[in-house]
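The structures come next, written out as structure tokens.
Here chain A shows up in two complexes: once beside chain B, once beside chain C.
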Partner chain A sequence: MMPCIEKAYGPFRANIPVEVPLCLALALYRRGKCRIQAPDWMDRERLKTMLEEERTVPQYFQPVPQFYVEVARMLFTEARAIFGSNADVNEVQDLIEELKKVRNSKILDGLRKVSGAITVKLNNLSASESNKIRLLFEHSLNVWHQLSKNDKQWQEANMTGSLDTPASM
Partner chain B sequence: MTDYWSMDAALAEETLVPTKFKYGALGVASVLEPGSVRNDVEAGAKVEMPLWLATQLTRRGMTTFSLPEIYHERYRRKLNAGAECINLKGRAPYFYDVGNKCNEFLQDLTLSAFLSRTYATRYRELVSKGLSTVSGEAMLELQSKLSLEELAVFEAGRDSVSRAEMWSRGARPRRAAVYLPIRKRASAGREEEQQREARQRTNK
Partner chain C sequence: MKGKGKDTTLKLTTGHGPGQASLAYVTVAGKGSKEHYVATAGADGKVYLRDSLILEPVHMAKVDAPPATILAVDPAGKFVAVGDDKNVKLYKVPSLSLEKVACRFALTLRALAFSPDGSKLAAAGDDSVVKLVDLKDGTVYRTLNCDEYVLSLAWDPLGTYLAASLRTGGLVLYDASTGKAVKRLDMSEQVDYSSPRRHTPCWHPDGGTVLAAPTGAEGDVVLLERLSWAEQGYLGGEHTKAVNVVAFSPNGLYVATAGQDKRLVVWDLAAASSVASAVAEEVMSGLAWKPEGNELAMVGESGGVGVWSSPVPTSHASPTASAEELEAAQRQQERQADAKRRAEKGRKEGEAMDLTPPEGGEIREEIIEEGIQDPADPDPAAARPTSSGAGGSEGGDEGGPSQRGGADGMGEGEGEVARGGRTHAGRAAAAAGRPVATRTIVRTIVAPPAGPNPQPPFQPGSTPPEAGKARFLCFNMIGSVSSRPTGDHNMIEVLFHDTSRFSARVPQLKDLYGFDRAALGDKGVLYSSPSAPGSEAEGGPAPSMLCFRPFDSWAPHSDWTAPLPPGEEAMCLASGSVFSAVATSRLLLRLFSLAGSQTALLRLDGPPLAMAAAGPLLLVAFHSGPPNQHTKSQSISVSLYDTIQMACVFTQPLPLTPGASLSWLGFTEDHGLPAVADSEGVIAVRTPDWGGRWVPVFEPPAARRSAEALWTVGLTAQQLYAVVCRAEAPRPPVSPRPYYTPMDLAPPVLALESGAAPEAEGRALLHLLSCGALRGRLDAAQLAGAVAEASDLTHLYTQEQYKADRELLRVFQKAVRGERHARALELAAQMASFKSLDGALKIANHNQARGLAERIREFMDRRQAEAEALPPLGGGMEEQAGPYEAAAGAAAGRRGHACTPIPFGRGVEAAEAREAAADAPSAGGAGGTQQQPLGPADLNAGAGGGGGGGLTPFAEMVTAPGSAGPNTGGLSTGPKGGRGLPTPNTLLQVATAKPDPGSDSHKRKPAPALNNPFARKAPKLAK
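Let's turn to the complex of A and B:
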């Protein structure tokens, strides 16, 4: 057993799969103490169907693991051997790259349609993707909010008929 | 805009607006308008003054001001026709902030809708160019025509994209190295000298 802050991992026995955090798995892997099994969403067939659906359904995003970009990158840089031969690695890597590109262009298309301070639904966005658009999108929503709020303020004042004209403010 | 400490908000209020004096004012004409011959502003005179002054004077009922030229009908028509092509940086670097501020006072019914519409059209280009890698030339061209508020949005987008790219290349963000200039040595040397002098004095 290996007690950690979050919980205890283990028991570690030879040839029995056990679920551990990625950092621990990579640390053990570097010392040659374990074999990493690729997460099941990284299966070639599943990635292919995911990509296909991502392409055919432009309205919404396919559910992907929240950190799929990060996990994929770490596994590909540190532990290429777990996917089998070189050709297999490349194929899975290409699929994920393709998935990233398709989703990215979808996000851009979605953002381009926004025109005003409205709520925008971005379901199933992964962490790195939302991080990428966060700053820009947040800023422009702020601008819109200011532009629309500013109008309402004095229009409401006019409607309630209060004498709060700017001259007496 | 609403933030008192924001540098941009302060600079935005430096924008000149056409103002009409209701009463005469003594001794300020050459300040407001460096080329003027007389020293006093007469009642009913039209002078351009910064927004922060105009709003305060208008609040006290001493002046009235109107919208800067960029919000007039002529430019509105241009901006409605092709908002992407207009160079806002040269004409009105704080297009939205100044518009907002004027709107508070002048209560123009159509101004807010016009500003949002303009931003909506220009925003499309911001998204498509800000969130992807574009050539340096296209970027320069875009940067030279964005108003400063838009530029902030654009830079934010570029920043997050370049950070994501840097991460995927496996590089670390460059840390800005700050070296404090070392002043200690100079003062230490002076102290040594003083001590030496003191010692010499005692030796004498």
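Let's turn to the complex of A and C:
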């Protein structure tokens, strides 16, 4: 057992898979103490179907792990060998890159449609993706909000002004 | 081959002038019948349509520019295309009136071929091109360039390919749709410009799957596979000179070839052997099979025309019969052969004076009665029961004719059963002069169910070889041995699951012997290779080799290699911690020490099937007999040898799931109990109790059985380690390296009505099984006087008892709550420790089961009294007067060391329980309200309601699943608030908590709390 702050991991026994945090897995892997099993969603077939779905359904996003970009990057830089031969790694990597691109273009498409202070529901957005658009999105929504508030004020002012003017006069 | 059969001599009648000639059969559909003609064309420029029987010309045409070298008939039989010196002309059939000129050439034409649909014609000759003509509009739609004179053409029956043989000896295959040459092959020698040679190839009529083409000057015919154009076979050995013409029979069963040696040979394609041959006076220039019947027409280079009637001997299938006819004929033949065989067999049996059933089979007798039968007269013959082997019990005077009759009947018999018939008048009836009743007894021999073959020997944890792929020779809990083919040898790699196990990595082994078995032990690997037939360059057959490679050895040259004597094969290997063993095909068990000295040579009781080793133990599974034909089960026995004691511990039959075969053999990792897995996935462990029986401890869940296969690697007393494979590929691949998944063992116990979940009872059974194993070892250790080992084992044993008690308590609780008090009492009687009994008592009290509590208390008292009376570790086998004598007595007998030898008072117990409760916070139970308990807990009665009692933080935090108190939500009277006395649930937790090592029942100190520093800290933590 390996007690950590969050919880204890293990027991570690030879050739029996244990679920551990990625950092621990990579640390052990670097020391040649373990083999890493790629997560389920990085399976080639699963990625292919996911990509296909992602492409064909433009309305919403496919559920992906929250940190899929980061996990993929870590594994591809640190532990390429776990995917098999070089061709296999490249294929999986290409699929993930493709997935990222498709999702990114979807996000940009969605952003283009934002034309007012609205509530946007973005499900299944991964951490890095939401981070990517957060600043822009938040600010633009704020601006929209400001504008609409101003618009309302202005209209109210107009209304009251048009009513008030004669009375005050 | 040559001169095997006598060559038929063929007489040809002169039909044409000397030079290339050609012929084909033309079928003209007449009124209700078909008429066959032979169309011939020859060097004299004449084209004849001849009667197919007497070859008399019926119609004649003359070409403008002789010679008419080639002729082809449209598949529909409407046109004959004739090629002469310049033109390809189409003549109408049967009048042979000129239809049109299909195309023109500058030089002599040599070859013509119609496309299979008859719409196109390929023509070629000395012009070095192949012209493809569309016959509808008469245009040359494509010209294929081939740079050489074309000798002949053949269009594939599917119309895709066009084969052209060239003067240079080459064979070119064109894709007819694109005009590209797909393949060029070099077949024969080059011939002269003016040579009359043809080198005609021929496609198999069945979709052109095979192209037969003459090759070489020795008269061979090569069979080329379609698409790959690889050589599939040769027809050779008959012709002495090059083959000129090849022709498939209409159904493709035979090939007729004619060569420069003036011989004609008919080949059976399937057997690639000749069935008939003939000689003629001239070299054949054209051959054609008659579309119906068994005739082969030919035309020679000197102009002779002839017909070989019945070239295929009558003993063979007809060359023109369709597939259905052939099949029917074959069936007929088989039936006949079968009937003959049966008749023969029947006769033999008849001679043996008995209708003996084959082994496992039986004779059924049927009595058919005819005539008038007086029902009041029970005839002895009729009353004879229908029974097996009745034929043998027949009286002597009657037996003879009966059997003979039976044999005759069988001679005529056809089909599934042989029958013996017998007609006789009932003796009694005849004697009494009553109306005669005729009865026929029909005996039917029923063949035995075909039994399975004995399972071949295997190594546990090996995967079957696949060509070119790496495989596991051995995969077990230690590591793996994999063999990867590279070139002419294999590379063998040994990997350990625990890489820190040995300091040095085991180097890869370059395997030149072809090791196909390996046993990975904890000291080394034993390999064996099969013997090879002696075509080796080194000379002589290679014997079966044995090779042992230790992992770390203090001395150099610790590995050893030994050849087995010729005729002896290594079948099974095992490698333990002090020995290596090999079982051979001579039914010898050879034992070696690790360094290679031969320690024993034993005869096996049967052909070895598999072996496994653990420590000094060797488990051998062998066939004790042929598989049972009725149950389809293998007859397997196992022997366990102790190599240190030089003893055979037991030999007993190994029952498997009916119909299954053995798939894995080994030992449990922790207790060293023999274990097996069968092909149904059921794991069985041999318990030392019950005189050593096999307990099924795991069955693959039915829901997942179809989707996945478990490939057993090893098991412990509680868990199975298996590689989960897909059902399509039930063996793990070497790469990626498989990992194993632990799975809880679950004996198939029943789920009783209002009882505990079967899992809990199953677990209890498993723990009891471990207890049994440990007790056996403990007894052995005590007997041997190994004090240290005994104390270790005692410790383990107590721990195991605690675990068993924990499960029993769970079951007990369920039983009490399900109001099954009698069962609960039995469960309590099985518990080993007083602590657990106390827990059981509290649970009973809590659930207001007064009668039960009373009985448990009485039982405890008695057991305690008994324990006090006994010296420590005294066996405790005395009869116990429990509340349930039988149950208690059985329990005590079964668990000889169950009673803690040192008495302890209840106060001590309670105090200890309190400490232990604090000790095991994570298991802390949610309390229940206390109700008038008996015994020590009645001091605790005041805490009922629990509102006043302080809450133990732990109790608040955690509720142990499965053992949670009856009212989990209720307030807890923790040990602190409850005046230092435990509630039933804390006590249950005490029993379920992991025992404190060294402080428990075996050598219990009066104040165990002192042993546990954590226990003293617990109250602090609570604050």
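Rule of thumb we're sticking to: the second predicted complex is superposed on the first by the 151 of 169 C-alpha atoms of A that agree within 3 Å, B and C clash if a C-alpha of one lies under 4 Å from a C-alpha of the other, contacts with A are read in each partner's own complex, and residues count from 1 in each chain.
Rule of thumb we're sticking to: a residue touches a chain if its C-beta (ideal position, glycine included) is under 8 Å from a C-beta of that chain, and two chains touch if they have at least 3 such contacts.
Keep in mind that what you see is a predicted model, and the values were worked out from it rather than measured.
A.B. asks: Check the residue A:32 against both partner chains and state whether it touches chain B (first), chain C (second), both, or neither.
C.D. replies: second
A.B. asks: Which partner chains sit in contact with A:5 here, chain B, chain C, both or neither? Use first/second/both/neither.
C.D. replies: Neither: A:5 stays clear of chain B and chain C.
A.B. asks: So, A:140: does it touch chain B (first), chain C (second), both, or neither?
C.D. replies: Only chain B is touched by A:140; chain C is not.
A.B. asks: I'd like to know which partner A:148 touches here: chain B for first, chain C for second, both or neither.
C.D. replies: So A:148 only meets chain B here.
A.B. asks: So, A:108: does it touch chain B (first), chain C (second), both, or neither?
C.D. replies: So A:108 only meets chain B here.
A.B. asks: A:77 contacts which: chain B (first), chain C (second), both, neither?
C.D. replies: first
A.B. asks: Looking at A:87, would you say it contacts chain B, chain C, both, or neither? Reply first, second, both or neither.
C.D. replies: neither
A.B. asks: Name the contact category of A:23: first (chain B only), second (chain C only), both, or neither.
C.D. replies: neither
A.B. asks: Mind telling me which of the two, chain B or chain C, contacts the most residues of chain A?
C.D. replies: Between chain B and chain C, B touches the greater number of residues in chain A.
A.B. asks: Taking the two structures together, which residues of chain A meet both chain B and chain C?
C.D. replies: Touching chain B and chain C on chain A: no residues.
A.B. asks: Looking at the complex, which residues from chain A come into contact with chain B?
C.D. replies: Those residues of chain A that touch chain B are 69, 73, 77, 107-108, 111-112, 114-116, 128, 131-136, 138-140, 143-144, 146-148, 150-151, 153-154, 158, 166-167, 169.
A.B. asks: In the complex formed with chain C, which residues of chain A make contact?
C.D. replies: 14-17, 32-33, 35, 37, 84
A.B. asks: Which residues of chain C touch chain A in the complex?
C.D. replies: 496-499, 721, 735-737, 739-742
A.B. asks: Under the stated contact criterion, what part of chain B meets chain A in this complex?
C.D. replies: Going by the criterion above, the answer is residues 1, 58-59, 61, 96, 99-100, 103-105, 107, 111-113, 115-116, 119-120, 123-124, 126-128, 130-132, 149, 152-154, 156-157, 159-161, 164, 168, 170.
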